[in-house]
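Presented sequentially are two complexes of chain A, the first with chain B as partner and the second with chain C.
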Partner chain A sequence: MHVTLKIQRYNPETEEQSLETYSVEMNEEATLLDTLDAVKDQVDGSLSYRKSCRMAVCGSCGMRIDGAAVLACKTPMKPIVESGEVPVISPMGNLPVIKDLVVDMAPFWAKFRAVKPYLEEDENPPVKEWRVQQEELDRVMTEALCIQCGCCVSECNSMESDPDFLGPAALAKAARFVYDVRDRGGKERLELYNGPHGVWDCTRCYFCNQRCPKGVHPRDAIAKVGAAIYQAGMHSDPGARHAKVFVKSTHKTGYLLETNLVPETVGAINAIKDIPFALKLARAGKVPNPLRPHSANKLDEVRKLHKLIEAQEQAAYAEGTAGPRRPPEEAQAKESE
Partner chain B sequence: MKSSYAYYPGCLASLSQKELDTSTRAIAEKLGMTLVDIPGFTCCGAGDVHEARPEYYLHLNARILGQAEQLGQDTLMTICNVCTLNLRQANKKLQADPDLLERVNRNLKEVGAASYSGGVEVRHLLWEIAEGDGYERLKEIAQRPLVGVKIAPFYGCQILRPSRLLGFEDPDRPQSLERIIEACGAEAVDYPSKIKCCGFPIVLARSEVALGELIQPLVEAKEAGADAMVTPCPLCHLSLDAWQGKASREADMEFNLPIFHLAQLVGAAAGLSYDELQFKRHVVRTYPATDKIYQGA
Partner chain C sequence: MVRHDVVVVGAGLAGMRAAIEASRYGVDVGVVSKLHPTRSHSGAAEGGINAALGNAGEDSPEKHTFFTVKGSDYLGDQDAIAVMCAEGPGDIYELEHMGAIFSRMDDGRIAQRPFGAGGAPRTCYAADITGHVLLHVLYEQLVKSGVTVYEEWFALDLVTDGERCVGVTAWDLVRGGVQGVEASAVILATGGLGRMYRGTTNAYACTGDGMSMAWRAGVPLKDMEFMQFHPTTLKANGVLITEGCRGEGGYLRNAEGDRFMFNYAPNAGELASRDVVSRSEQTEIDEGRGVDGCVLLDLTHLGAKRINERLHGSRELAMDYAGVDPIEEPIPVRPGAHYHMGGIDTDVWGHTIMPGLYAAGECACVSVHGANRLGGNSLLETVVFGRRAGAAAAQDVRRDGMGGVFSPSAVRVTERAIQRMLDVNQGERPYVLRQELADVMYDNAGIFRTAEKLETCKAQVAELRERYARGLVVHDKGRTFNSDLIQAIELGSMLQMADCLVTGAIARTESRGAHSRLDFPDRDDENWLRHTLAWYDDGEVELGYKPVTITEYEPAVRTY
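The block that comes next holds the complex of A and B.
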């Protein structure tokens, strides 16, 4: 099959950028990585890209095809050739480009290190090995699939706006330790993810879930970390306070209490500063009357449901069948059985 | 398109974005869709309850789905991206796991709520009119073509991604809004960030990060020559419309870009008036674009 592609080139020595078109003959099973190898072998030996395992395990060959981050070794070319389109291959986003398709992963690894991607040990570790039950392992299995390729980070919309955002890969790794029954990081660990540039920076664009080639679902992992922070009673961040208004609203009226959102998220003083903005919204009829909030029918049902689930959640946390981890003393007791 | 739906407007269309609810009801009548109200519906919990209290989120949504089922409807229609993802995600989880469904139903029963058997499908208005007989019906009712009006489609996130839960169209090359814009006789303008985030979920908690996201589609749509933008999501609408002034100051650029709800665009092409579609309830004045529509008629 005849494969034509355009590759975004960048030469750091001359700082020249260009979009070059290459054509090579490939067999029908060829991947994007095979095609790049052929271009490098047969057409232009100066083309640079990363690769290693060729089987979607090492996470080296992350790059963009028509703007979407993929693993080159996992991307078959046949459907693209058959569509008649000439794809544009470019380096991943949100990371500095070193040369051609090679990005500098240093900022990526710095964020990884910042989330403490290792177990915080128990003061009294078990004499023999830690025994982890299957259902306990299941809580972190999805996040453990991460190969650190950076495809999720490439398209993270929040990181485009805040380059310091810890981002989907590092926070998915955080979830993997928050929910590890052996970890004793506790609130100190959660505090690492709770401040500026932490979980509450996530704008829920779901690009990470869409792009992840390993099914890690990083956005869902970020939500798991958010849940652990929220349920540990750490409500100081505006992000957690925002969530608290929603929970409270559904209990009070069944609907979102829109007028409570601003003061209870950003604080009264900031809300006062924003009065001109609120008046502008009010003039357009966009501020519901806070004294007569719209209320759902059968509100009683929702309130009972909220209380019932809350009690069940608390019981599950106490038993260690849900949430981040068993209480240490209970884990030890189980271990010594 | 179905002849009747359990209609779930969600919070925003019931509260600050009432023009969306009004316009949706108006176009549904024109399209021949019967919208059956869900008497005891609540908030879907948005991304917030989903994140902070996942169990409570699941039960809130199961209760809504159960109520739709009790009305004898097999399809629940949403008009908000966040409601769509929340309800579809809960629905898929409940449908795939009989033990979970049983446990949730036990809880619903205990509080006297309708139980759920798993028989409801969740669909957004956009999907109902972007293909098949819904699209044909849309073309029939679009009697006042919006000739010469350039519209920038803005999809928002949670109607495209994650596609394993939404899956209506290619999340990287969606065409549904473009098809609808064309059926309305207007011209769709293309720009790269039409599939990106408007920043709304974090507009209060992380306003600077959110504004950075919001500016991008506004700049690009203006550069592409758009008279107005259309979105299927009331949260994107609130961000793009109400926060546009803040984005404008942050970017030091005048946008003055009117933002239409999907139902307003369809309603305008279907001959509904400026007042019927409540364009007055927008923060950014819609005049330049709505003048083109209504004075051209």
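The block that comes next holds the complex of A and C.
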């Protein structure tokens, strides 16, 4: 099949930038990576991109096709060719471009390192393996699928406005340890994710879930870390307080009491600063009557949901921090010591 | 110019394990890798890692040793195999304590499944993404250890002071330019060379660079003729479908729907050793009982639940790269070049004959795999011998101190060689030679070999080496992320290693393990129960031999 694509080129040595069109002859099974290889081999060897495994496990070949992050090796060209589309290939977003489709991953790995990306081991491990149930491991298996390709980070809306946001990949890594029964990181670990640029800075746009090529669901992982922070009783961060207002007000009325949101999140004194903005909103008819809060009809249903979620989160947190079990023979020996 | 006590080249499982171990001895460790560590091909290992934990059935290190010796077709060194099998369980427990997510049995212990020719359910696994899980666990530990990592530095040459290895030169891929990396000890852990074959499971990065560096520096390579062909790879791009599929009960069928493996291995069937299964498949295909150049890997009877739980990754690969959902229909598979048993000749502590130079993992040959590796033994080899090489290098450095002198002229020599490559403006493009090499090797030095085919292969490789020496055109003349240049250098390594492989194969006039000669169909212990050594002789391959270490198990007829 005849494949035509446009590639965003950038040469840092001449600072030239251009959008080049290439056409190559490919077989029907060809992926985007195969196509780039053909362009590089046969047309222009100076085209740069990363690659290695070509089977979606090494995480090298993250890039954008028509603005959406993909692994080039996991992207078949046939449907694109059949649709008549001439796709535009460009480097991933939110990371500085080094050359052509190669981005600088240093900021990505700096955030990885910032989340204490390793198991905080028990000081006194058993001689053999920890006894862990499959279901307990399944709880972190989704996050453990992550190949650190950066596709989620490329698409992260929050990182666009706050480049220091830890971001979906690093926080998914965090979740992988928070819910590992063998991890001894405790509150100290959670503290790393609770502060500025931590879990509460996620805008919940779900782009990371949508674009992850491995089904890691980073946004869900961020929610899990948030729940753990909440369950650990760490409510002081404005982000946590903000979440708490949602819980409190929906529990009370079934709706969100918007007028309580700002004072309860940032405190009464800070809220005073926002009064002019609130008045503007009120003039535009965007503020509900604070004196007669609306209330849902079936409040008991809402509260049932609350109870259910609360119990689920409590159980997950309790199980995730319960600590691993020693082999029975060793546990006995320890007890009799 | 940078300096570390111990420098590890390569950051897959063996390299990272070596670096972590060396750092435990308090020496200063640096890692040089052409890829970021988590991009290494260890991550593509799927099925699992062997160790005689005895969790799923009676087992012992001795039993593991015996079946590995038998699997090696008696070419493996039995002292080395015994070390690996005895120390394996400890390494597995350590990985588990580090956080590796191994699949579990109901009582919470590590689950184990049978692999080909293993003789017991011995393969620990993390669903079918074991390599991925272990690679990321070791990277986590590497970050924790604080070891300096030079990511995307492509090692070019070993630097010696005439006697000792004193470091390496490396091309900084991102910024461009040759860097000197001085070291008291260098550990090569650069992986395999499967990319010299057309149909291969290997990543683009598996180009035999480390082996080639050692060979050019005068260190012998051992048993290079032994290339393992994995029985279940996808037709379109050679992607691996794990042996775990058969370990979980999958069938191999021919065009007539027969489970043909029982005609070749009456007892083991689909779970015979890889060399046996690959030859059987190729015979079925050659005799007209294949399906479009493939046989069929049938998992449909395992059911959706088991496939999704245990073989989820394989299902995804089959759907992505073969357009087949294994829950619904069989996967067309064929043998593909997978694992190279040979490599840099080392002892059980990773020492090579050159003081200050060590090797571990697929680039090394201890030899624990002999003429044929058992599934699940390569991951084990990486952690056991990676750890041992790291320990030996660190201890030697602590005992012997600095080592030799790294002459700065080494950097200038390498820099000039690279400039010469960049200065070529007329001639062939590297990919032309790369594709020709891959075809020549697959067609003539593949599963079934003959003197005639191998001689053809040798002549064609020689011709390719000549064309390479004439100079190839690297389009990219810049310094920033010049992957065109790197690919040209990798091709040079592959051509040299192909020569070593085929020269050893021509000489070995017998059939043993993965080296199957149609003109010499039998194993010949009298003449060939010995290791081949390939030495560098002014650019050409000079063969030598050394004895196999036999301790407990006398060579016997090998059937499955």
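Following the convention adopted for this analysis, the second predicted complex is superposed on the first by the 294 of 337 C-alpha atoms of A that agree within 3 Å, B and C clash if a C-alpha of one lies under 4 Å from a C-alpha of the other, contacts with A are read in each partner's own complex, and residues count from 1 in each chain.
The definition used in the following text is that a contact is a pair of C-beta atoms (placed from the backbone, for glycine too) under 8 Å apart; a residue touches a chain by one contact, two chains touch by 3 or more.
Just so it is clear, the structure is predicted and the values come from calculations on it, not from any experiment.
Kindly say whether there is room for both chain B and chain C on chain A in the superposition, answering fit or clash.
Aligned on chain A, chain B and chain C fit with no clash.
One more residue to check, A:Pro168. First (chain B), second (chain C), both or neither?
It touches nothing on chain B or chain C.
If we overlay the two complexes on their shared chain A, which of chain B and chain C does A:Gly226 touch? Say first, second, both or neither.
In the superposition, A:Gly226 touches chain B alone.
Touching A:Gly93 in the superposition: chain B (first), chain C (second), both, neither?
neither
Touch test for A:Gly185: chain B only (first), chain C only (second), both, or neither?
neither
Have a look at where A:Leu256 lands relative to chain B and chain C in the superposition and call it first, second, both or neither.
After superposition on chain A, A:Leu256 lies in contact with chain B alone.
Looking at the overlay, does A:His306 come into contact with chain B only (first), chain C only (second), both, or neither?
First partner only, chain B.
If we overlay the two complexes on their shared chain A, which of chain B and chain C does A:Met141 touch? Say first, second, both or neither.
A:Met141 sits against chain C, while chain B stays out of touch.
Could you tell me if A:Tyr118 is touching chain B, chain C, both of them or neither one (first, second, both, neither)?
second
Please compute the chain B to chain A to chain C angle from C-alpha centroids in the superposed arrangement, rounded to the nearest 10 degrees.
140
Please provide the least distance in Å between a C-alpha atom of chain B and a C-alpha atom of chain C in the combined superposition.
15
Show which residues of chain A lie in contact with chain C when the two form their complex.
Going through chain A, the ones touching chain C are 11-13, 29, 34, 40-42, 44-46, 48-60, 74, 76, 98-100, 102, 104-105, 109, 112-113, 117-119, 121-122, 125, 127-134, 137, 140-141, 144-148, 177, 180, 182-183, 325, 327.
In their complex, what parts of chain A are in touch with chain B?
66-68, 157-158, 160-162, 165, 200-207, 209-210, 217, 219, 223, 226-227, 230-231, 237-247, 249-250, 254-256, 258, 261-262, 265-266, 277, 280-281, 284-288, 294, 296-298, 300-302, 304-306, 308-310, 312-313, 322
So in the complex, which bits of chain B are touching chain A?
For chain B paired with chain A, touching residues are 11-12, 14-18, 39-43, 45-56, 59-60, 63, 85, 107-108, 110-113, 157-158, 160-163, 171-172, 192, 196-197, 199, 201-202, 204-206, 208-213, 238, 242, 245-246, 280-283.
Which of the residues in chain C come into contact with chain A in the complex?
Interface residues on chain C, with respect to chain A: 35-36, 38-41, 43-44, 53, 92-93, 96-99, 101-104, 107-110, 127, 129, 132-133, 136, 140-141, 143-144, 174, 203-205, 236-237, 239-240, 316-317, 320-321, 429, 431, 473-484.
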